[in-house]
């Protein structure tokens, strides 16, 4: 008994002693939206350089940035992937832990599309107003702001099928939800005139803005906290449902899904990069400058990520569904110069 | 006997014979049968569920064990791969995989034309949709390993792209291609032709079982081998820590502990820990092992430690149950011939309880083997399992994933080919589980006894 | 000297001590083991134990105390001026430690010489450059005072390790000598060793307490931070769960009640499925089944416990959900609108829990003494009457324990809920509506994209600790019940 215990204690001590040794691969953590792109880059990086393949963890922008901000040293991650910009509070928390020099890299844009079952009802064209009319708790009917009376899509837009409203939207944990609310629901709110009506009814501007983002919780809008695969499975099980997906996910699943246009524009990497298609968001990764030159391959990884042959319009990332950043050259220069946020060192 | 003992008028006589059943006995026998039927029904239900699940898993996952390959001779053009022509390894390395792609695409096109397939696709670039993105890396690695190959024509066996593979597995259907920008119907015509010519073939793919994870765009290349090693190392940690700790704790609580506050506290703690959601153990692992003890992230060692803490209560609870089931007479007998309490426990009770302990340990290990949630927080989910560990220390400390985490990750990925791989991974996981169970059953059969 | 070698040396000493102790005891009894108080090996173990226990104890205590002591004395060396605006002494100390470690590693790697690393007047910039070259993490240029502190840190650390090594060796040798001298035929070695083993057993049992403390500690700070940002009263009493995506407004409503309700409802349905099936299966297996049937059915059922929960999640979503919709949905009874519902998740979870109930109950029913069955049969009871009236009551406390174990699995289960029950937090009695649980929300808030310092992300810790306290209360209650009605046989 005691022999076993001491042996295991020894094993742990031995392991703890050796673990202080330097790490030789780049460690990345963060958003699961960026993960596909990061994994493609990491794999190609491993193939083309003598450095080991970087490790890319998922777990959300929140957890990724939290780990990133925990401190400087080999036990902390080098790069954080995020599907949103780092927030001021997070920058402050970073600084408190000694992480002061952060390089922000925008890798491109992620399009967000509305799609439904391939053989399901004919959802082919939406506008922001349609989505707002379907899902918002208060909508405009005949010029008056009333509690949402709509049950079917055809109730407010005769071009849409007479199907029960059912939408699978990203849960409140997702960065996608923010884009969905601000670029679709809020835009619909303004377009239908509900925003003005709210203001006219005596709401303050802030309150009206918040009210514009609200989505009904009576079961017609189903939050999906998981990934797009979960949304896809929900669509599979409900023929009348529409789902919110990333462009890349949709393009990989065209055999099950059909996409709807938004405000008359078909989503594609081209329409999104020109800004015609309205619903998209930028994707980022953040590099800890203190680790450059220490963790082998870190700078090379960052440069490789934004290189033309990777992140350019014909590179593997665009092929997979990332909308290439028109200002990629500036990003490349910034990475090469190790330009940090807020500073210019 | 007198007349007084005879039944009075009106009352039914007691049945005279034991061979004819009265109503009450019939009722009791019927109840007996019913009760038995409930039991059979319960087991049948459970096993039906099992088979429905297994059927679903097998039908969805068996495809992952086969993969489509293209066998293509590639001319390794010196003008492209070694411009200076001096076979300097550093110069050769400067040509990235992007430089190899045109050569491969050209080779595939040549193959298509050789097979005499009529197709409107005549540019080598249009062949890109047929082959996996891993092909360039494969050729580059071969060239770097042996620069003498440059200038020769070498035959390579490339993975077909996941769409082509899906077409041969009936996952990709022609009628859905209209909006698929990854592949066109013309490509599938080529695949049909190449299949006839024997260039394209679907064969068993050992790389799925032994290989490393691949990125999102290369579903065809991904394998579960590296994460299997991760799981293996984690299970070693769990077994070597949880079993001795759990058994020791159970022995103390069941055999020695005085009935006092401390014992109560420990007991409540253990049953409570069994109820703590596994994700909370993930939070604990992150805080204690990574942030406090500075163990490396994504390391199987940390995963193993977290899973140890998680399985400990399960093992303790079942070990205690089996210690309890050893009759007190065994202990009394040992004490009676002069053994100390400690000796009676270690020499007599423990061996007799071993089969039960084994059952509990197996359930605990199975639970640990299939657990995903805590691994999520200590960084074992993502694109992690890309390099196989090269030794015990590296196996314990280098970033790795685990089988369930890898399956979870695959199930999330966009390419439907990963969906098939996720189910395939589940098949492998279940094979492990079933072999563990079989081993336990064999051991238990040999030692189980009824008091 | 690395600690690992120290441990190996201590182990070597104790093994030698084992041999000597055993021999000495034997020779004191003239080579006749029967004259000894304890078996010969006990004398060896006595020495082994007395060498390892204090030595390892010393090492552990020293390793914990040394950094604290050094930290304190070094902190005094750092001038106020080094602590920049917005920085803290802790941050500077981290810098010092990093520099010291960097120096150590650089010397070990041979990039800089031992003399240079100790040279107080060394050129700071050159040193920084060579540290970077040696692959060490250096945040910004090292300043003179930090370098001094780091050098002092290194010296103190290496002196400390030396003292530790010397002390440990002395201690283990001394203990070995003492214990070997104890080895005499009349010495009660067995009692001592058994006491040592008992201490080990207690230590193993205490791991549970340590784990609990660890969990509470890792949750409590973040929870406190959460309650600083969000009123506790709202958290516990609000009937609505509606987090907004952080970064705007702050209009989040984070009430735990709908989540708790979902958790309990889904667990209840899961137990409704698992307990009857599991219990009847256990009864049949242990009382009726032939050994052959038992040998096949039991392991088959146990496979259900090992199927990864994500499979159950997919099964719930793709099979159970649509099935339920076709029966209870718009075309049938009209109670159900989508595939995700409490029932969907509950049934899938119930299937998963069957083996938890059946295997454990089976073991417990098996443990009821055969004499009780024989007694019942002797009185003319049928087999089912015996089971219902004798065996089950006797096994009840254990069965309740098994069910509680299953219940705790149900409450803690995450993946099935995430996939089968949906993510909508709702207070409703209809089991065909989508609801969500505490665990599902812990995962989603922790792995989400929201600002990590916001209440929306921190709420996960508050949820975790609430669940923890809740299960604790439930368990205390259950333990009380089991104790009260427990029966002891023989």
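Which chain is which? They are A, B and C, in the order written, and residues in each are numbered from 1.
Keep this in mind: contacts are C-beta pairs under 8 Å (C-beta built on N, C-alpha and C of every residue); 3 or more make two chains touch, one makes a residue touch a chain.
As the structure is a computational prediction, the values presented were derived from the model and not from experiment.
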| item | value |
| --- | --- |
| Most distant chain from chain A, judged by the mean position of its C-alpha atoms | C |
| Comparison of B-C and A-C by number of C-beta pairs in contact, larger one | B-C |
| Cα-centroid distance, chain A relative to chain B, in whole angstrom | 29 |
| Separation of chain B from chain C, taking each centre as the mean of its C-alpha atoms, in whole Å | 22 |
| Whole-Å separation of chain centres (CA-atom averages), chain A against chain C | 33 |
| Chain C, residues touching no fewer than two other chains | 197, 200, 204, 314, 443, 446-447 |
| Residue numbers of chain B (touch at least two other chains) | 244, 248, 376-377, 411 |
| Residue list for chain A, restricted to those that touch at least two other chains | 1, 5, 20, 32, 58-59, 63, 226 |
| Residues on chain A engaged by chain B in the complex (per definition of touch) | 1, 4-5, 8, 11, 15-16, 18-20, 23, 25, 27, 29, 32, 35-40, 42-44, 46-48, 50, 52-53, 55-59, 63, 67, 70, 75, 77, 118, 226-229, 246, 248-249, 251-256, 258-259, 309, 316, 319-321 |
| Residues of chain C that touch chain B when the two form their complex | 190, 194, 197-198, 200-202, 204-209, 211-212, 214-215, 217-219, 276-281, 283-285, 287-288, 295, 297-311, 314-315, 319, 351, 354-356, 358-360, 363-364, 366-367, 369-370, 382-385, 387-388, 398, 401, 404-405, 407-409, 411-415, 438-439, 442-443, 446-447, 461, 464, 467-468, 471-472, 474-476, 478-479, 489-490 |
| Chain A contact footprint on chain B (complex, rising order) | 93, 96-98, 133, 136-137, 140-141, 171-173, 176, 179-182, 214-218, 240-241, 244, 248, 290-291, 293-299, 301, 376-377, 379-384, 386-387, 393, 396-397, 399, 409, 411-416, 419 |
| Chain B residues within the chain C interface of the complex | 28-29, 31-32, 34-36, 38-43, 45-47, 49-50, 52-53, 56-57, 244-246, 248-249, 251-253, 256-257, 264-281, 283-284, 286-288, 309, 312-314, 316-318, 321-322, 324-325, 327-329, 340-342, 356, 359, 362-363, 366-367, 369-370, 372-373, 376-377, 404, 407-408, 411, 426, 429-430, 433-434, 437-438, 440-441, 445, 450-451 |
| Footprint of chain C on chain A - complex, ascending | 1-2, 5-6, 9-10, 13-14, 17, 20, 22, 31-33, 58-63, 65-66, 69, 71-74, 82-84, 87, 89-90, 93, 95-98, 100, 166, 171-175, 177-178, 181, 206, 210, 213, 217, 219, 222-226, 230, 233-234, 236-238, 290-291, 293-294, 296 |
